[in-house]
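Handing you this structure, nothing more for now.
We just call them A, B and C in the order they show up, numbering each chain from 1.
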Amino acid sequence: MTAQPPDPDAQFAAAPERPQILAPPPQRSRGMAMLIEHPTLWIGLALLVLVTLMAILAPLIAPHDPAALNPAFRVKPPSAEAWFGTDMLGRDIFSRTVYGARVSLIVGAGVAVCASIFGLAIGVLSGFLRWADNIVMRVMDGLMSIPAILLAIALMTLMRGGSVFNVILAITIAEIPRVARLTRSVVLSVREQPYVEAGTACGTSTLGIIWRHIMPNTLAPLTVQATYICASAMITEAILSFIGAGMPSSVPSWGNIMAEGRALWQVKPSIVFFPAIFLSVTVLAVNLLGDGLRDAVDPRLAKQV
Amino acid sequence: MALLEVRDLQIHFRTATGVNRAVDGLSFDIEAGEALAVVGESGCGKSVTSMSILGLLPTPPGKIAGQIRFRGQNLLNASESRMRKLRGAEIGMIFQEPMTSLNPVFTIGQQIGESVRLHEKASRAEARDRAIEMLRLVGIPSPERRVDEYPHQLSGGMRQRAMIAIALACNPALLVADEPTTALDVTIQAQILDLMQDLRSKVGSAVMLITHDLGVVAEFAERVLVMYAGRKVEEATVRDLFRTPRHPYTQGLLKAVPRLGSSLGAETSVRLAEIPGRVPDLSKPLRGCAFADRCPRAQEVCHRIDPALETKAAGHLAACHFAPREVSAA
Amino acid sequence: MTDAPHLIEVRNLVKRFPIGGGLFSRSHKVVHAVSDVSFHIARGETLSLVGESGCGKSTVGKCLARLIPLTEGEITLDGQRIDGLSRSQMKPVRKRLNVVFQDPFSSLNPRMTVEDLVAEPLRSHGMARTRAERHARVGDLLEKVGLAREAMARMPHQFSGGQRQRICIARALASEPDIIICDEAVSALDVSVQAQIINLLMDLQKDLGLALLFISHDLAVVEHMSDRIAVMYLGRIMEIADRESLFRHPRHPYTRALLSAVPLPDPEADRDRAVLTGDVPSPIDPPSGCFFRTRCPMATDRCAAEVPALRDMGAGHMSACHYAEDV
């Protein structure tokens, strides 16, 4: 029998146990956490990817040439031969709808990019130069007082003749004020930040301040805004086409398809119905993406709304 | 039985990366009429403790365990309506930023009167008289006029006085003051401290003063509790703590504060004693003593065994394996 | 008097802010933030500006760094006037004069890496042309302020308040300035960290021969740091003197009151405190004569009638009180 060696720690009194009263949060990978916290982001993105793939692969997906006339096969209801039926000239609505995604996406993305670039430039300018601010913002206010759709119609009339470029240009001009206002408000708040003052004290030039300190802070809200603009541009484009002020009728855009089916919609609602569904789903996808982005970028904003 | 007894208080918050143990096993008493100061640096859990006493901590995301007994009754089980009755009537509160805790759309008089009417069932006229009387008591000039003014019409010092008037309107048994003078200038701070001291002797409230300013502690409190990383590391009377601090953290803090008059007469400027390193991350598990990483006296055992709070001298507690112990206390 | 000009010379600095005044209301109210302030800072010297909030001490700092325009007055750096310089003309001046701000959380752009932040002045002043050169310089600077070289790859939010203030100091040092303006640079820090930063500033000053304009409301810190101290009240300098003289023999009733109001971390200190009554008057409508007279225990009719000038009480101890001899 050997005596227990004396415990060297015996002289040190230990504090009582501090129990765990909250279970630690589950360990998730970053991607998983994003998915769980912002489902709208992922649903929107997934839908948008599907529509984009459809637009890119249109020649492979569409069973028929979207412009091919087939007078013998006019105004048919959906069938195995023509999934969404045919229109008054016998063109396959499914094929036209698939190709129509191209127009919508190009216009949506084009307007979002152009309006962001010009709006950012104008917003930064008026946020930074006091004298420019009054003039620029009054012009923007004037533009904003006209509903975007009316402004776009007026611009389209002025430009005589629809083309993708003209449509993008018209809608972009109508959307710029929203971006400019947003950018200006961000610039005005960021330029009051102490780190901007600190940058000035370091000898950084005004351009350097704008480029390094102010622009990066506008990117997050601008991206969110761009998605909303993209969605609203798609709708505006469809409306323009629908009333005949947008794309030339030869181009299969969702607005054009609906316009052509307008006369028959009580007899053959399917002509209007299918492109309308695609337009709605695409716009929904872009809006979901925007909401998700907003929540992910600025959690405070999400709680207020 | 002490007026307020806190036992094994734990306040934990769930964060994205783990559980933040903001307060971890805190026990202390406040006797009736006593002035207790709770000191520590930001993030040590002192403000969270005061919020939990007032029942103002949202749970979730927080979770509170342990007991907070006020006159023997556990406040952690009390209903919200009971807490509302206690706050203002029996437990008064003063916060750091008077502007955010005063309601901007009511006059000062209405806000003082509200608590009087709520808790003492006084009439409107009585409440107004009481409000004027309280404003005069806290040293606001021409209280008959000020009683009808709105918070934004008062200066910072005046607002803090108005806050004190509201807090003391119902003669609370306990006043919880969370950094009451931190946002104020020194000359105004001196006025407010004198005022609180004066009112304490008149009204007889116990005060729990939360502060990071050791100067304020020395001026105001009778007993001090030093917190570090959510734990109590030392507790003593003010005189004992400042004369013979026993925990290395307290010693470091006292040496790190620049004192008025201490660097005069020296040819070259004196270096301040600094505490190296930084406060531990409370959302990571902590082994042993929370201060061990920064402690000049730390030994191997300190990183292993969490030191118990021990009586090192009469009425002097410290949580350190190597704090000197007075013979009589052992 | 020496012929060489002081590093910084401020003469009769005035700063007024107009307030209100929108499109339809032309308000003529003016905040008198700084009135007729003059002082100088020698090479390698620490001058502190102390006073309570609203006394104009930070405004003086900002005018000096030309972060806001001044209303009247002259500022010279090494004999060269800098008060009228344009933004581009200020560039060489900014190389020699930098600022450390109070809040280490908001004065660092959260979207930039520490390397980019510290390299910003190097870039602006064309001091390190290549990437590698900048990288090496930033590493040296970080080590100088007690941070690891590796810190440069990280973002500001990954640091604690004290470490962020070290980054701010590294950044202010990058252009090898002659003077740094510390605007409440240690006020937002916890006691134990504050001591680290104060020691760091004092070490750097000794090693690099820096001058500091140290703006603070904390008298104990000021006493610890400064060579000379200017006490401000409501936009005017009340008293200016070297450290020993000011703290041992204050010659202005306001300085006295300020000193006696500081709570001492010693419960056994005897307290005979001259508590000031009332509040600071509004800088929109300051009192006539001496600005301090409304709270001054010594005020007489003369104080309401006459603005007291800063008078030399001997050995450079200046006081703006009619009764400075009796204080």
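Please note the rule applied: a contact is a pair of C-beta atoms (placed from the backbone, for glycine too) under 8 Å apart; a residue touches a chain by one contact, two chains touch by 3 or more.
All figures in this text were calculated on a predicted structure; none of them were measured in a lab.
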Contact graph of the chains (line, ring, star, complete, other): complete
Busiest interface, judged by C-beta pairs in contact, is B-C
For the pair chain B and chain C, the C-alpha centroid-to-centroid distance in angstrom is 31
Whole-angstrom distance, CA centroid of chain A to CA centroid of chain B, is 50
So, in whole Å, the Cα centroid of chain A is separated from that of chain C by 48
Within their complex, chain B touches chain C through residues 41-42, 141, 155-158, 185-191, 193-194, 212-219, 238-239, 242-243, 252-254, 256-265, 269-276, 278-279
Given the complex, residues on chain B that touch chain A span 8, 10, 12-19, 21, 24-25, 63, 65, 301, 304-310, 319, 321
Interface with chain B, chain C side, in the complex: residues 52-53, 160, 162-163, 190-196, 198-199, 202, 217-221, 223-225, 243-244, 247-248, 257-269, 271, 273, 275-280
Listed in rising order, chain A residues that touch chain C in their complex are 193-195, 197-206, 208, 212-213, 216-217
Contacts from chain C onto chain A in the complex sit at residues 65, 67, 87-88, 90-91, 94-95, 98-99, 101, 103, 106-112, 116, 120-121, 123-125, 168, 171-172, 174-175
